[in-house]
Amino acid sequence: MKPCEAAQALPEMNFAPSPTLQEPMSTIAPIPDPESNPRVKAVFDDIRATRKTDFINNMWRYLAFDTTLLESTWAEVKRVMATPSSIDTLTKEMIYITASILNGCSYCVHSHTAAASAKGMTPAQHAELLSIIALAAKTNQLATGLQVPVDAVFDKA
Amino acid sequence: MKPCEAAQALPEMNFAPSPTLQEPMSTIAPIPDPESNPRVKAVFDDIRATRKTDFINNMWRYLAFDTTLLESTWAEVKRVMATPSSIDTLTKEMIYITASILNGCSYCVHSHTAAASAKGMTPAQHAELLSIIALAAKTNQLATGLQVPVDAVFDKA
Amino acid sequence: MKPCEAAQALPEMNFAPSPTLQEPMSTIAPIPDPESNPRVKAVFDDIRATRKTDFINNMWRYLAFDTTLLESTWAEVKRVMATPSSIDTLTKEMIYITASILNGCSYCVHSHTAAASAKGMTPAQHAELLSIIALAAKTNQLATGLQVPVDAVFDKA
Amino acid sequence: MKPCEAAQALPEMNFAPSPTLQEPMSTIAPIPDPESNPRVKAVFDDIRATRKTDFINNMWRYLAFDTTLLESTWAEVKRVMATPSSIDTLTKEMIYITASILNGCSYCVHSHTAAASAKGMTPAQHAELLSIIALAAKTNQLATGLQVPVDAVFDKA
Amino acid sequence: MKPCEAAQALPEMNFAPSPTLQEPMSTIAPIPDPESNPRVKAVFDDIRATRKTDFINNMWRYLAFDTTLLESTWAEVKRVMATPSSIDTLTKEMIYITASILNGCSYCVHSHTAAASAKGMTPAQHAELLSIIALAAKTNQLATGLQVPVDAVFDKA
Amino acid sequence: MKPCEAAQALPEMNFAPSPTLQEPMSTIAPIPDPESNPRVKAVFDDIRATRKTDFINNMWRYLAFDTTLLESTWAEVKRVMATPSSIDTLTKEMIYITASILNGCSYCVHSHTAAASAKGMTPAQHAELLSIIALAAKTNQLATGLQVPVDAVFDKA
């Protein structure tokens, strides 16, 4: 609904706050039957096969509003996160959690903490991960506040 | 030098940009001989012993302007980063790099990339670390832009 | 309610988490009848006239707790966003969405995505906007992680 | 619940968004009876004594999932925020609110705005605090967008 | 100089990094004689009168590339920062430093730390300010990482 | 050079700050002759052909330390930024500048401001772009500080 239509529907509201939602909200309407689109179905099928689960989480259901965006995002997630490489899968998820916390993405903090737990992150490791992030945030702000000059030995250029 | 003293010293500068520095700058003047303070010396000695090096990087030299801040920061860094725990030391440094990049702390990106290299991070791992951070930044912004609702299965409360 | 009053009202709660809200929360209580203040009414009337709608969204209802803040914020929004200028109105909203996502402001992502849609942003443009933001976030972190030196040709000083 | 268990429990959900929560969510399950752990009880007792209230807010109840993290965090909060020093307690809370807004921490914005109000922050001061933060955000982005060189007189190195 | 012109001027550079600047850089060329524009001169004169100094720092010299932006920014800085109000001037500067550190604006960290020093901030207060910012950054990330639900008593809505 | 080697090379430095660099620094050493690698040469050739210039800016020279990262990053930049689409090329660059400022990436602010200028951004548009970013930063912080609830009419879910 556009704001002006909303206003027409709510003529008595001038002196009180507008109704607010108790439910999660999004900026797009997710597609009702996304897998009727064969390109979406192909991505969802690959997610299920790669992750060995029938569960498709909301991130992919919402990205399905644009098939190209869905395809390119999943292709990159699969290549970077689900392909054996020089960093083990649990470490990858802990790095992802770190970035998600710092980027302030509540959805991603939830989904990647769940993924890390599924990959074996213990409560002790979770607590330690948060301790490192908290310490880094602290020293990062101290260095920025003092504008500490970079030591010459750190340069690789 | 205070701005008003600067102005008095630079009476001819009203119509041109003020001189700007070609050199690294900081917001405090580092103490000339910090280890003449025994509490600073104790911290620096502990850094040298813990890290098995005589090198004291600028972060600690600048933090020495306030002995309490120096002591408490080093104590936490030593406890979290230099004590054997459930996360290996290279992974810890990669998490620290991630936070430092996201917090936009140039000094910390330099110092912790150097530390990770010293602890064995290969160029392939460095590239992969950056790929994960870059991917997370991307999906983090997508989730925030779409305001994707958190799946109920992710909740632990 | 102050924390200590809350504690007195909840003496049995020591061994369980405190009740948490299912509803949206704010840090101030919005004024019940804001337009009884003629300065607030003047701003709300100008918002309605400028936007050609009777709808006043929550941002303005909450800012009304401080009349000066309300007036100065609206004056700047009107001048920058609602005055014909060298950037078209849809582009302005897409820039605003970009900043809002990066600043992690959920409210602003919602309100400006709605505004951009009202000004004609198509789903294809929305998806493309998010693709650009996601790509920028990615390359921004890569450049920060590598600390790439700025090319001399980019300087304008 | 792990994602794969969730999928098994939700076999019919393939063509619709997964259920989403109307309630606040967290990434860990808070401990049901945290004060049965004497180290947790000691921290909670010290919080109550220091703050002169029986109320323990959620931050501490959730941090109790890791006793060391709880103890070290409270020790630092007590030392920095609850010990008489060169900055008065209301100013400290206003600085804390500023950081919390900029770090995008909704929980912390709420808790420290409540704390500042409890310590006497008036609505006028609250509005003015927000005005300063808003102005700083504005000029910060302008300086970054223009990449204004630092004036030599500002250097202390 | 545009990138393509730069390339034509540097035909031998294909196999080596392009020259990089040792000097501070900006994204615009500051106006050589800004006060020949009477509107710029009026702003600069008001800055000098308000601050009781002849010194005009680079921020204003660079903002002078757009007279409207210069005027509106200075008007807001003067109103918020240089007008007696419910928050004292030193506290205002400490709040500004906090926001500048968190927004990662190096220029602003420098200029507002200098301003706070000029207004009487002691080294002890500077260290304490940084300690609060560092602690807030730490607890902010912990609360975001745990997704701690907001306590109902904090709500004002 | 590793920190411990640095320390051995600098035995006299214990009581003075370590030397700091006057020059731009990076966290990796750029490859001396990157185009001797045919995959790097293919990317650089495509950049030259796509952008109609012989100039290869540092971002690509540094990314060449990892061929896969170089290839995947350029492929995405080419697809999103250099392919005709529903958003015009100048608007794309202005969105990219916005994200770069908010992510605090100095390199990216420089390179994309130069790119936008090359694509016709006028000084008036540049000033207006910065005004929108500055205003958004301001209202974003106000909404976060007040924790304004999202209006129900904005929801699309």
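Assorted remarks:
Note that the chains are named A, B, C, D, E and F in the order they appear, and that numbering of residues resets to 1 at the start of each chain.
Assume a contact is a pair of C-beta atoms (placed from the backbone, for glycine too) under 8 Å apart; a residue touches a chain by one contact, two chains touch by 3 or more.
These numbers come from a predicted model, not from an experiment.
The chain pair with the larger count of C-beta pairs in contact, out of D-F and C-F, is C-F.
Matching residue numbers shows that D-E is the pair in C-D, D-E or B-F whose interface repeats A-B, with more than half of the contact pairs in common.
Mostly identical positions are employed by chain B and chain D in their mutual contact, as over half of the interface residue numbers are shared between these two copies.
Note: centroid distance chain A to chain E, computed from Cα atoms, is 30 Å.
In terms of their C-alpha centroids, the spacing between chain A and chain C amounts to 20 Å. Residues of chain F found to touch two or more other chains are 3, 6, 10, 17-18, 20-28, 30, 55, 57-58, 65, 69, 72-73, 76, 102-106, 109-110, 113-114, 124, 129-131, 133-135, 137-142, 144-147, 149-151, 153-155, 157. If each chain is drawn as a node and touching chains are joined, the picture has every node linked to every other.
Residue ranges on chain F touching chain E, taken from their complex, read 22-24, 30, 32-35, 44, 51-58, 61, 104, 109-110, 113-115, 117-118, 123-124, 126-127, 130-131, 134, 137, 149. On the side of chain F, the complex with chain C involves touching residues 23-28, 55, 57-59, 62-63, 65, 69, 73, 76-77, 80-81, 85-87, 91-92, 94-96, 98-100, 102-108, 110-111, 113-114, 122, 124-125, 128-129, 131-133, 135-151, 153-155.
Interface residues of chain C, counted against chain B in their complex, comprise 97, 101-102, 104, 106, 109-110, 113, 129-130, 133-135, 137-142, 144-147.
By the touch criterion given at the top, residues 2-4, 6-8, 10-11, 13-18, 20-22, 25, 27-28, 65-66, 68-69, 72-73, 103-105, 157 of chain D touch chain A in their complex. Taken in their complex, chain E has these residues touching chain C: 1, 3, 6, 10, 17-21, 23-30, 72, 76, 79, 149-157.
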